[in-house]
Amino acid sequence: QSNVTVYGIIDTFVGVGKAGDAKFSGVANGVLNGPRIGFKGEEDLGNGLKAKFVLEQGFNSDDASPASSKEFHRQAWVGLEGGFGFIGLGRQYSPGYYAFRNDAVAAGALDPAAILTGGGLQVDAGSDARWDNSVNYQSKKFGGFSGQVIYSFGSTEADDKAKNPNRNTDDKVGLGLNYANGPLNVDYIYINAGDSTLGDDHKEHYLGAAYDFGGFKLVGSYQTASVDANDSDVKVYQIGGIVPVGMGNIHVAYGARNEDAQDSDSRSFTVAYTHNLSKRTIAYVGVNRTTNDDNVGLGALAKQDGKSSNALGLGIRHAF
Amino acid sequence: QSNVTVYGIIDTFVGVGKAGDAKFSGVANGVLNGPRIGFKGEEDLGNGLKAKFVLEQGFNSDDASPASSKEFHRQAWVGLEGGFGFIGLGRQYSPGYYAFRNDAVAAGALDPAAILTGGGLQVDAGSDARWDNSVNYQSKKFGGFSGQVIYSFGSTEADDKAKNPNRNTDDKVGLGLNYANGPLNVDYIYINAGDSTLGDDHKEHYLGAAYDFGGFKLVGSYQTASVDANDSDVKVYQIGGIVPVGMGNIHVAYGARNEDAQDSDSRSFTVAYTHNLSKRTIAYVGVNRTTNDDNVGLGALAKQDGKSSNALGLGIRHAF
Amino acid sequence: QSNVTVYGIIDTFVGVGKAGDAKFSGVANGVLNGPRIGFKGEEDLGNGLKAKFVLEQGFNSDDASPASSKEFHRQAWVGLEGGFGFIGLGRQYSPGYYAFRNDAVAAGALDPAAILTGGGLQVDAGSDARWDNSVNYQSKKFGGFSGQVIYSFGSTEADDKAKNPNRNTDDKVGLGLNYANGPLNVDYIYINAGDSTLGDDHKEHYLGAAYDFGGFKLVGSYQTASVDANDSDVKVYQIGGIVPVGMGNIHVAYGARNEDAQDSDSRSFTVAYTHNLSKRTIAYVGVNRTTNDDNVGLGALAKQDGKSSNALGLGIRHAF
C-alpha cells in the first residue's frame, strides 16, 4: 500500500439556469475541477530512472454516475522518467488539456473557455483531451522551455485489433510547447484529431499566456479549429483575470467564439469568487452569461439555440 | 493517502430456496449488509468546521457485478459539518435508509422488513433510499433529538440539465426525526418520492422503535405508502427481537404487509443466528418463510405469485 | 485503512502485427500480466483461523476500458483459512487459472498457450478461468501435494435467483491437483464447464509440469477439451524454457493445437526477453508467429483465417 496513493477531488454545487424556455434548478458538479478518484505511484529504479503510473477515474459527484463507460476515464498510464524526459503508454492527456493554465476560472461548468469550445473542439481540459492507446513524450525543462509530443493510435484498434493504420481516420497527433519562467507562462498547442465529430481532418492551433503581476494575474488565449468541410472553421478567444482578496480570489473571464457558418457566434462572460476554507477545500459562487446567435445554443446548466444562457452556481470543492 | 480511508464489507452466503415451482440453490449475497467498498475522509477546517466526504460503491459479492451502473451506487457526497449540523451535496441517504435501526435482522436478503417493502416502497435500507442530486441537512443532537431534511432534484436533470422543475414529477423530499437516548431509539420518517414505480405522488410514513432491555432488544415498526391511484395503499408492520447468546446473537422477526388491492397480502418470518468470529467477521445462518396471497410473490431467493417462499442461508460477513 | 492493501499491475506495450490483409500497429496491453487493481486483506481470528478477502478488477491499460461489465472482473471473494485449508465464496479462480505455472511466457497476449486455447478453452489464465457464485476449497500442502475443488452455481442464478439447478446447463465443477517440491512443479486439472460457447457438456483435462535445473527452467503441458458434438475435440500441447541472462530472462515457447475438425490446426512460437528494471518493474520485448490451417485464425494483434499471424511487442510491466 505504501506504493499507492489514493487521491481525488469532489466538486458539487447547487445551481439555477435559464435559456429561453429551458430552465434548470438543482445539483450539478464540476465548476472548479472535474470530480475524480485516482491511484498513483512512482518507483525509483536507480540511475535517475523512475517508473510512474496514474489510474484516474472521473465521475459526476451530483448523481454518482461515471464520466463514461471507462474504468479510468481521465487517465490510465505507465511510464518511465529519466534524464531524457518522460515517456508514457496508455490513456493520457493530449496537450489540449493544459489550456487551463491560461484560464481564469479553471475549466469547468461555468468557464467561458470550456463553454465556447463546446460542440467538438478538443483543445480544452474536457473529455476529448484524453487520448487512448497513446505514446506520449514529455521533455525536461530547458531554460523555461519544455515540450510534449503525443501520438494516439485511436480507439478502433482497441476493438478489432486489426485497424487500418490510416492516421486521418482515427489516429491523432499532438504537440505542446510551454514556456514557464517566473511570472510568465506561454503555451502553444497543435493537434490533428483525424476524423472527429467536428469533421474530417480536424486540426486545431492554440496560443495562450498568463502573467502574474502580483496581486493580479492576467490570462488570455486564442485558438482556431478547422476541418475539411467549408464554412466550418471556428475561432475562440478569451481573456480573464484573477485578483486575490482576503482568503479568496475574484475571477473574471470573457470569451467569444466565431464560426465561418452564418449566425453561429457566441460570447460568454463569468464572474466567480472562490473562498479558501483550506488548501484542500474551497467554497465558491459564480455566474455565467452566454449569448448565442440563432443557430447555436452554448451555455451552462440550461441551453437553447439562439437564446442567452444564464447560470448561477454555489458549491464546494474538496480535494483528498 | 492519509486523507483517505478505504473500507468495505463483503457478505456472501450459500443458500437454498423454494417457492412453488421456483427453486434456488447457489451462492448469493447480502444477508447482514449489502457488499460495498468505499473511500472516505474528513478535514478539520478550524473554528469547529469540518469538510467530509464519502464515495461508496455497492456490488454483488456472489458474482462481482456492480449494484447498478453508477460509479458509487451507495453514496457520493461532500459536505460541511459545524455547530449548525451537517449539510451535504450529492447522492445521499434519504431518511428511509435509517429504518434498519428498528430492525432485528439488519436489512438484507432474509429480512422481513426488506422483503415486505419490496415492489416499490422506499422507506427501507435498499437502493431506493439513496437519492441523487440531493441537498441534505442533518441537525446536531438536542437532548436525544435530531432531525434530517433532504431534497433531491431528481435524476432527469442529470441527463438533460434542463428539466422541468416540477417537484411531483421527479423531485423528492424527505424528513427524518430521531430520538436516541440510553436504551431507547425512536424514528419517524416521511418521504414524498414524486412519481415512482409504485405510482404518482408517492408518499410514505414510518414509525419505528427499539428498546434494549439488556440481554434482550425489542424492535418494531409500522409504515404506510400511498399513491394517487385507488386501491394501491400499502401498510407494513414488523416486530422482532435480538437475544445475545454466548459469542453470538439470535434474531427473530415477524412482519406483515397489507395492500388495499385484493388478495395481495404477505407475511414474513425469519430466525437467524449470528456468530461473532471477531468484531469485523460474523458467520451466520438464517431461515425465512414468506407466505403470499394469490396476487403477490414476495420472498427470498425463490419467488412465485401466491406461493410460500422458503429460504435458508449460511454465510460470512467480513468488514474491512 | 490498515485493514486493506491496494495493489495492482499495469502492463502496456507498443506493437505491430500482420496476418494476411489484417494489420495492427498501436498500443495494446497484457503481455506479462493482465492489468488489474485490487483491494485485499486478512484478519487473524485466533485459534489459527483467518478471514481473507480479495476484490480485484481487470482493465485494459491501453485505453482504460474495464475488462468486462463486472465491478471486480478478476476476483471477488471472502473466505476462511485454518487447519482445514481454505474455503471461499464468490467469484474465484477455477483450477484452470493455474495452468500458467507451467508456462514459459506467462499467460498474456504473446503466449502460445493463451493463443492456442483461444476459441473457448477454459483451462488457461484468461477470463473464463474466473467462476461466479462459486464455493471453493483449497487444501493445505501435504508432502508437496495440495488440491482444489470448486463448484460454480452459474451466472443465471444471479439474474433470476430461481434457476434450474441442472449442473450441465450452467453450473461448473473443477478439480486441481498440484505437486510442488523443490525444483519440480506438476499440475493436473479437470473441469466440467457445463454448456459453454464451445458446446454442451464441455470437459477439459490438463497435465503440466515445470522443472528448474538452475540456470534453465523447462516447462510443458498437454490438455484436451471435448464437448457433446462430434468432430469438436481439441488437443493443445506446449513446451518452453526460461534462461536467466544478466538482469533478465530469455523465454522460448512452442505449442500446437489439433482439432478433430478438418483444416483447423494451429502452431504458435514465441521468443521474448524480459529485463528486470526492479522487482516491480520489467521492460520486455517479444515476438510471436502463429500459423493456421484454412479454417482457423488464431494469433496475436492481427488475425485472419488460414493466414500466419506475426506480432511484435515492446513494453513495460509495473506492479504496485
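The chains carry the letters A, B and C, assigned in the order they are written, with residues numbered from 1 in each.
Following the convention adopted for this analysis, a contact is a pair of C-beta atoms (placed from the backbone, for glycine too) under 8 Å apart; a residue touches a chain by one contact, two chains touch by 3 or more.
Nothing here was measured: the structure is a model prediction, and the numbers come from that model.
S.K.: Examine where the copies chain B and chain C touch and state whether the two sides share over half of their residue numbers (same) or under half (different).
M.R.: Both copies, chain B as well as chain C, present different residues to each other, with under half of the numbers appearing on both sides.
S.K.: Given that chain A is a copy of chain C, what angle of rotation, in degrees and a multiple of 5, matches their CA positions?
M.R.: 120
S.K.: Rounded to the nearest whole Å, what is the centre-to-centre distance of chain B and chain C, using the mean of the C-alpha atoms as each centre?
M.R.: Chain B and chain C have C-alpha centres separated by 39 Å.
S.K.: I need the residues of chain C touching at least two other chains; which ones are they?
M.R.: In chain C, residues 1, 4, 6 touch at least two other chains, as defined above.
S.K.: Over in the complex, which chain B residues touch chain C? Could you list them?
M.R.: Counting only chain B, the residues touching chain C are 1, 4-8, 10-14, 17, 19, 22-28, 37, 57, 59-66, 277-278, 280-281, 301-303, 315-316, 318, 320.
S.K.: Given the complex with chain C, which residues does chain A contribute to the contact?
M.R.: Chain A residues touching chain C: 1, 3-4, 6, 39, 41, 43, 45-46, 49, 51, 53, 55, 69-73, 75-80, 89-91, 132-135, 153-155, 157-158, 161-165.
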